[in-house]
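Both complexes below contain subunit A, partnered by subunit B and then by subunit C.
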Partner chain A sequence: MECVFGMVGKEFAVVVADSSAVHSILVHKSNEDKIMLLDSHKLMGASGEPGDRAQFTEYVQKNVALYHFRNGIPLTTAASANFTRGELATALRKNPYSVNIVLAGYDKGSGPSLYFIDYIATLHKVDKAAFGYGSYFSLAMMDRHYRKDMSVEEAIELVDKCIIEIRSRLVVAPPNFVIKIVDKDGAREYAWRESVKDAPSVA
Partner chain B sequence: MSIFEYNGSALVAMVGKNCFAIASDRRLGVQLQTVATDFQRIFKIHDKLFVGLAGLATDAQTLYQRLVFRHKLYQLREERDMKPETFASLVSAILYEKRFGPYFCQPVIAGLGDEDKPFICTMDSIGAKELAKDFVVAGTASESLYGACESMFKPDMEPEELFETISQALLSSVDRDCLSGWGGHVYVV
Partner chain C sequence: MARYDRAITVFSPDGHLFQVEYALEAVRKGNAAVGVRGTDTVVLGVEKKSTVKLQDSRSVRKIVNLDDHIALACAGLKADARVLINKARIECQSHRLTVEDPVTVEYITRYIAGLQQKYTQSGGVRPFGLSTLIVGFDPYTDVPSLYQTDPSGTFSAWKANATGRNSNSMREFLEKNYKETSGQETIKLAIRALLEVVESGGKNIEVAVMTKEHGLRQLDEAEIDAVVAEIEAEKAAAEAAKKAPARES
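On to the complex of A and B.
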């Protein structure tokens, strides 16, 4: 079951997602990147129906880029969150997307922010968010250990605590996770947490 | 679980002496899991008109955006704010438009009409208005709220006493409902 979670720290936000692509009982690949970079300072971690996930996040990414081209300035995190919610809400009663989204971003004026966007287009600005079966464990760990304005090291320590909890307590725990971070210097991949590596290919 | 109980909510509005109070809980949940404890359910339409939206959070957000849009258009055309009675009819019409594919929301409307006469009303998800002279309730905790309000309400309360009454009624009711709670937002006008 797909796990996505995120939290806000001091002048940064972090989003973590598992990286297994699963079809029924088969794991297609275990290094799938489910956190998309919307632009230089935004991250969108998504979980849900694989086709919807890839297609919808790409759709949002391209529309964010289009706004930038047309207007010369990038969208704020709040604006892109509201755009995403609008698209999900419009599609909800016609052809719903089954994607849960954690959207993190850094804006020059307002600093880091994190948005929880449900698959039925419920939008809420939060300090910590999680989706999937893993949320039962990661939200509990974050409720216990999260403080406002944590440093990167402290936040990653908490992320690792959550990952350990998911790995040890979830029956179909995903083996590998990707951690991405966004701060004033931009959005980038921070680390992978792999317990199952692909076999090295024969040259 | 019913679609109205998916996110959990509790809303109450009360009439006082030339004033009204509207209160809501702060929990946003996804069935049994609490996602946030600072969710906003009551929105200001203008200085003397507030609307609270109980039920499914996504529809509450969509409906709020539509209502603000319609009110702003009204303000541009009529060059004045909408009266609460008119706004209630607007909400009712918008909800009934979706009669066979409704918004899963129960609005609670509270405002001051002509000569600051307080007005409150609630409606079901397809726009059946329920006007009341004392209090209206909505949400998953509505049954508890009916009981609490009936016993605590007195007519013609001053704003301070009204605030105390509505807060106590809200808090005691949501304490008996697992889907709502985590504090309250109270607006007294």
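On to the complex of A and C.
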């Protein structure tokens, strides 16, 4: 089951997602990147229908880029979260997207922020968020250990605690996770947590 | 003749579309614009009309980004330009969304030219009154390009070209002085062409440089003034050299 979660730290936000692409009982690949870079300072981690996930996040990404070209300045995180929610809401009673989104961004004035956007277009600005069966474990872990203004090391320690919890307690736990971080220097991949690597090809 | 110039959809007996030709007139009255293609750089330069004192010049950007790797300058009706630029920007993102690849310079030029042509063959509309100079680098091949479109919807690639006011003099200058250049030399050539028809000085010219690594960079007034000073010095030196031998004989 797909796991996406994230939290806000001191002057940064982190988003974590599992990297299994699953179809019924088959795992297509274990290194699927489900966290999209919306622009230089925004991360959008998504879980749900694989087709919708790719299609919808790419659509948001291109619209964020278009805004930047039209207006000469990038969208704020809050504005892109509201845009995303608006698109989900408009499609909801016609052709709903089955995507749950954790949106993280860093704005020069207001610092880091995190948004919880679910598939029926709920929007909440939060300090920590999680989706999927893994959320039962990661939210509980974050509720217990999260503090405001954690450093990157403390936050990653908490992220690892959540991943261990998901791996040990969830019956169909995804083996690999990707961690991405966004701060004043931009959005980037931070690390992978892999417990299953693809077998190296025979020479 | 007057009967054949009211509607765009009407040919004249001698094969003219007068509305398109009148649109070209509008272009000829617009500000001067020049584009030069180098081996690793493409430069766009535009004339800035005499400074309107109270206007905030930052809100009047004449050289615009269509995408990270494509820029456009135009001569003619600026309001028409806004519409074309907006549609082109949407097309750049739409192309990225559907085929997961950035547009090539030729593709977006063909798209803009196609739009301009559409408005020469519809009822109740008039053509766009502008010619555009489009520059950029093709993705993956890194080939620099310069294209021009006009109100009739034709487009072609150029090594260097000018449009707008006094474009003929600028084009003549470029034909005489064009050679393969790169980097700073390309910038100098573009500014030299502009200076043929524009009062010299950084505050009368807007120049933007596009490279593969850095994308579009607008030169600030100080930089332009520095290049202009270099050009004037070279001109003065050439004049002096011409006079000196004559005196000796």
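The rule is simple: the second predicted complex is superposed on the first by the 201 of 203 C-alpha atoms of A that agree within 3 Å, B and C clash if a C-alpha of one lies under 4 Å from a C-alpha of the other, contacts with A are read in each partner's own complex, and residues count from 1 in each chain.
The rule we apply is simple: contacts are C-beta pairs under 8 Å (C-beta built on N, C-alpha and C of every residue); 3 or more make two chains touch, one makes a residue touch a chain.
Everything quoted here is computed from the prediction, not taken from an experiment.
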_I'd like to know which partner A:Phe69 touches here: subunit B for first, subunit C for second, both or neither._
second
*Look at A:Ala191 in the shared chain and tell me whether it touches subunit B only, subunit C only, both, or neither; answer first, second, both or neither.*
neither
_Just checking: does A:Phe116 make contact with subunit B only, subunit C only, both, or neither of them? Give me first, second, both or neither._
first
*Please indicate which partner A:Val27 is in contact with in the superposed arrangement: first for subunit B, second for subunit C, both, or neither.*
neither
*Please determine whether it is subunit B or subunit C that touches the greater number of subunit A residues.*
B
*Should A:Ala89 be classified as contacting the first partner (subunit B), the second (subunit C), both, or neither?*
first
*Please indicate which partner A:Tyr59 is in contact with in the superposed arrangement: first for subunit B, second for subunit C, both, or neither.*
second
_Footprint overlap on subunit A, where subunit B in one structure and subunit C in the other make contact_ = none
*asked:* List the residues on subunit A that touch subunit C in their complex, please.
replied: 58-59, 62-63, 65-66, 69-70, 72
*In their complex, what parts of subunit B are in touch with subunit A?*
7, 28, 30, 33, 35-36, 39, 56-58, 61-62, 101
*asked:* Help me check something: in the complex, which residues belonging to subunit C touch subunit A?
replied: 61, 65-67, 86, 89-90, 92-94, 96-97
*asked:* Which stretch or stretches of subunit A touch subunit B in the complex?
replied: 85, 89, 92-93, 116, 118, 120-124, 126, 129, 135-136, 139
